[in-house]
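Okay, so chain A shows up in both of these, paired with chain B first and chain C after.
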Partner chain A sequence: MTNRLKSTRSITRKVDRVKNLAFIIAMVLLVTTLLLDIFVIEMIFDLLTYLYIALGLLFVRYGIPLLYASRRLIQYYWQRAIKNKLAVGGLVFILLLILLAFIGPLFTVDPTAVNFDEKNLPPLGFTIEESVYKIETKQFITSRITGTSEHPLGTDDKGRDLLAMIVSGTRVSLQVGLFATGIAIILGTLIGVSAAYLGGKTDNILMRFTDIMMTFPFFLLLVFIVFIFGPNLALIVIVIGLTGWTGTARLIRSESLSLRTREFVMASKALGASDRRIILSHLIPNVISLIIVIATLSIPGVILAEAALSFIGLGDPSVASWGMILKAGQQNLDTTWWVAVAPGIMLFLTVLAFNFLGDGLRDAFDPRSNI
Partner chain B sequence: MKKTWLRDYIIKRLLYAIFIAWAVLTVTFVMVRVGPTSPADKYLSNLAAQGQDTSQVMAAIEARYGVDRPIYEQYLNYITNLGRGDWGWSLSTSMSVMELIKAHWIYSFQLIFLSSIFAAIIGILIGIYSAVRQYSKTDYIATFFSFIGISIPNFWLGVMLILLFSVNLGLFKTYYDTSLSLLSLANLKQLILPVITLGTGMLAGYTRYTRSAMLENLRKDFVKTARAKGLPERTVIGKHVFRNAVLPLVTIIMFDLGSIVFGGAYLTEIIFGIPGLGQISFNAIFADDYAVVVAVTVISAFLILMINLITDITYTYLDPRIRYD
Partner chain C sequence: MTEAILRIRNLRTYFFTRRGIVKAVDGIDFDLRKSECLCLVGESGCGKTVTALSILNLVDSPPGRVVSGEIYYDSLNLLKCPPDQIRRIRGKEIAMVFQDAQSALNPVFTIGDQIAEQVKLRPEVNQREAKEQVINLLKEVGMPIPEKMIGYYPHQLSGGMRQRAMIAMSLSGDPQILIADEPTTAVDVTVKGQILDIFSQLKSTRQMSLLFITHELGIVSEIGDRIMVMYGGKIVETATVSELLNNPKHPYTISLIKCLPDITQVMGRLESIPGTVPSLINPPSGCLFHPRCDKAMAVCSKEEPPPFIVAEGRTVFCHLYSRPER
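Moving on to the complex of A and B:
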């Protein structure tokens, strides 16, 4: 009996060691390519790609095992959550949006293709009157323009297809929302759990630091940093991630404080488990439902922050985000109103979907909580 | 006993606020220094592009910022200048930043003030009503609309309001008229759309907070006691439930003022062309006018800090059960 236990334990340990080794090798490889890329060769991938790969690796190494370990709990909550129709609606919308971001660009025309012959086309089903000044006859000619099925959402003042722009904007918004939240959640969870578990001075220092970070006005700080260092999507994602963890850290800390003194943690400690092991395999799995809820509810804020940043002209000029399209639409509101309407509706629906889903999940996890 | 405890608390909070103010100053200073271009470079290249003589401006900037002096001296200079109320020179508008801010802060203030009042009054009233009539049709409608209000991006709402009421219906002017006196009715009229833009999100938030705070208190035993005593329902709701629910609400409103409203107000100003702090910092961003951007960021951060400080102190004074420690 003891022998078998021992052998399974040594196998798990071996598997763990292999996983750790593979993870470290992958990370080292990634960093080396990044350094090579920056200092030796011209950039092959941009910074964001590296960030995504790193986050993806982290997720495969830690996220998936964590989710797998608490699969029963998640299944149970899932069954409660799907009773909430609005939450399911939100989830379906988000999944469709992700699908759109991945395969949408394959079906739409090039969002950057400028065509002045087809500028200011209204959306399908709308007709506008446009006065054009003809130089030859020296008079205004009023013509009626109807939307075509080639450009179902119309075109902007440079003749770019709005649908294609919206689809490529989906990619930007989701990228920013998911990855900045990813960074913030990882940081917040680690800081919150360590503060609660280690307690004492560490707790004090970490929480005071969180307080200080919280006092910084988040949006102003974002505007300031982007103004100083120049608009770049990678920078925006990183800054939002590095500044947005404070709320998460507080919530996770208060949740883990009560876990710390529970019997299973004591037992694990008595058996000689390391701090790292207790944090990773006892504390975090028990706050995972909270983490999922916080992540879902903080994505809309991040998406809106990026859109607002683009709207005031500090967005990455190399990508057409929803905020950027909205900005362009606002400047030509009296001629091409649809350019301002469409990205706003997408933003609104996306935020609404995440809020519905987050609310539904929270109610399923803990109906009395007030996050 | 209580008095000394409160005094200690206030002193502690004040010291803390001063520390954070210093941190804000240091962070902004370091960032401007670490940033890829120096303030002067960017501005000078703009001037040179316009074909202007840059040598005089260069000399003025060097004298002002002391770019050639050691970094710690620049840092000390920065802090002492700000402390003396000398916030630098705005290169794009050719006036001192302090004057610029003095001339424009009132526009931001009126917008924030009116929006907060509007959102707080209506939000709290709707919240109370839907808590008292929980699960009624009105409650469902209020909950649904507060969800929409929270999710709607306020800058988009502003653009849509302009599109509908100014461009299509022609009810309001598309641009803010600064020649009107601030206290005139015409000025109030042109602030209607901006106030709705900035206020909607807040209003929705307050409705939700009030509703849940009221519901929580409605379940309490003292409400049952009050009803059992035969008090009229109006007194029970108004005195027993609302008074208990309103205190946390005040904190939320004040904290909102600090964190969300500033960003939102600046965006609203940019959309409606209101010449407040947001607008001038927006213009400064495009003109690469560092002094103004730094000043607006730092001043806003200080204001937020002050608001939070005042909130904390009032809150602890009003409800001594809560001792932040």
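Moving on to the complex of A and C:
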């Protein structure tokens, strides 16, 4: 029996050890390529790609097992959520957007191709009158320009195809929305659950830190950082993610506080579970519904933040985000109105879709509402 | 006499609250012997559960703290164990069954998953073997159709089945000692009998030591070997079950037994002990029971009664039994 007591082998499951090892190797590989990229060779991928791969790995290692563990809960809530027509509409719209972001660029022309022969074309089905000064005849002639099916949404003042720009903007906006929210949710959940579970001093330190972060004007910080380091989409995503977790942390903490005192946490401890295990496999699966709602509702805010940043001219000029197109279009709103209207409508619909979905999910997750 | 597997000496667990220090467990000593069932009996709030939690180092801190004492498992003092080592002991050497299986099972996992947690920790066990072991454990606790039940969530089970799952979960680490904290309180009478049967079966098949916490003397007579009566954070009487039930010595035990309804006789009102459980923040001086005791003497309010060994293996903390010597 003394041998049993003295065994120093760490209590980790075999499966978990294999998974952990694979995860660590993948992460190390990623960081090495990143370092190689920065210091030795020219960039293979840009910074954002690394961020995506890292978040993707995290999701595969922790996100999928978590979702799988709480599959019954999710299934149950799913059945409640699909009774809300608006939420389903929102979800369908979001899925279409994601599809558009992935396969759209394959079907559209190059969004950066400049063609001054075809500038300021109106959308298909619209006709505008334009006065053109003809050098040969030395007089203004009014010509009627009709939208063509080659450029269904028209072109901007440099002759770039608006549809292609919108499609590539979809990609940017979704990337920003999903990944900044991803970072914020991971941080917020870990900080919130840890604060609630560990309690005492740790709780105090973490929550005061959250308070300090909350008082920080994040948009100002964003402007400041863009000013110093230059406009870079990856940087913007990281900054939004690193500053946007505070509300999540608070909500998750208050939810976990009541979970912590539940007997199954004590029972799990009495059977020898570690703190890490209790947090990851007992607390987080129980707050997963809240996490999903917070994530859905905070994505539109992030998308708008990026658009606003682009709009005031601090966005990444190398990518055509909706905010950038909007900004370019609003200067000529009286003549080429379609340039600003198209991204505006897209922003409006996207934000609305996420909000509808989020509201629907919140109602579905609320045990007091009777759907 | 068989050897003691768990020895508790002078255990004091206090809770430091704003209103004062609550002496939930105040200096108790006892031995748990190999493959015996030791029952810990007392009213609500007398420190039974805190005793159990202290053994596993699970007292919420703050506000609680084990201020003194030693708990020896084998030759290891559990109170001086580093957290990592005590974690290895929980579940594997000493496991605990909780009172309310409804809340002690995680609502988002199937019971199969929850029982498998501990089983999968063993390095030599693969997925399929783990499942088999879970089914065997469920069979052992008398769960009907265990192959099907492992896919069920706690809320889909009846109270009795949940309690069985809870017991199976605590057995999953193959512990030497099982602490059962009022495992029959949340289930109805018919199930209660079945659960008790499981425990006595486990005791004989697994050679386990049981520390059975309860407030019902009726249960004790069915399952217990020895019994300890606790009052106000202290042990007042220790005896074998038959001796204690037939010949109680301490006035508190006597009144407890009087409170048991007797179905063979038509009675009026049930007996009850006058007064209430003493406040553990501001306990009465001397013997804690003296304000409610009908045999109280002058000395009772002044001096704390020392242990009097009235027979072999029989200890009573009461001044009544000191008189003959004086």
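Everything below uses one rule, namely that the second predicted complex is superposed on the first by the 354 of 371 C-alpha atoms of A that agree within 3 Å, B and C clash if a C-alpha of one lies under 4 Å from a C-alpha of the other, contacts with A are read in each partner's own complex, and residues count from 1 in each chain.
What we mean here is this: contacts are C-beta pairs under 8 Å (C-beta built on N, C-alpha and C of every residue); 3 or more make two chains touch, one makes a residue touch a chain.
The shown structure was predicted, so the numbers you read here are calculated from the model rather than taken from an experiment.
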{"item": "Chain B versus chain C as contact partner of A:Lys201, first or second or both or neither", "value": "neither"}
{"item": "First, second, both or neither for A:Arg276, with chain B first and chain C second", "value": "neither"}
{"item": "Contacts of A:Gly344 with chain B and chain C, given as first, second, both or neither", "value": "first"}
{"item": "Of chain C and chain B, partner touching more chain A residues", "value": "B"}
{"item": "Touching partner for A:Ala308 - first (chain B), second (chain C), both, neither", "value": "first"}
{"item": "First (chain B), second (chain C), both or neither touched by A:Asn286", "value": "second"}
{"item": "Contact residues of chain A, present in both the chain B and the chain C interface", "value": "none"}
{"item": "Chain C residues within the chain A interface of the complex", "value": "56, 58, 62, 74-76, 85, 87-93, 95-96, 98, 100, 103-110, 113, 117-118, 120-121, 123, 126-127, 153, 166, 169-170, 172-173, 176"}
{"item": "Residues of chain B defined as touching chain A within the complex", "value": "20, 23-24, 27-28, 31-32, 34-36, 147-148, 150-153, 155-156, 159-160, 162-163, 167, 212, 258-259, 262-263, 266-267, 270-271, 281-282, 285-286, 293-294, 297, 300-301, 304-305, 308"}
{"item": "Interfacial residue positions of chain A with respect to chain C in the complex", "value": "1-2, 4-5, 7, 9, 11-15, 69-70, 72-73, 200, 262-264, 266-274, 281-282, 285-286"}
{"item": "In the complex with chain B, residue positions of chain A that touch it", "value": "212, 215-221, 223-225, 227-230, 300, 304, 307-308, 311-314, 326, 329-330, 333-334, 337, 340-341, 343-344, 347-348, 351-352, 355-356, 370"}
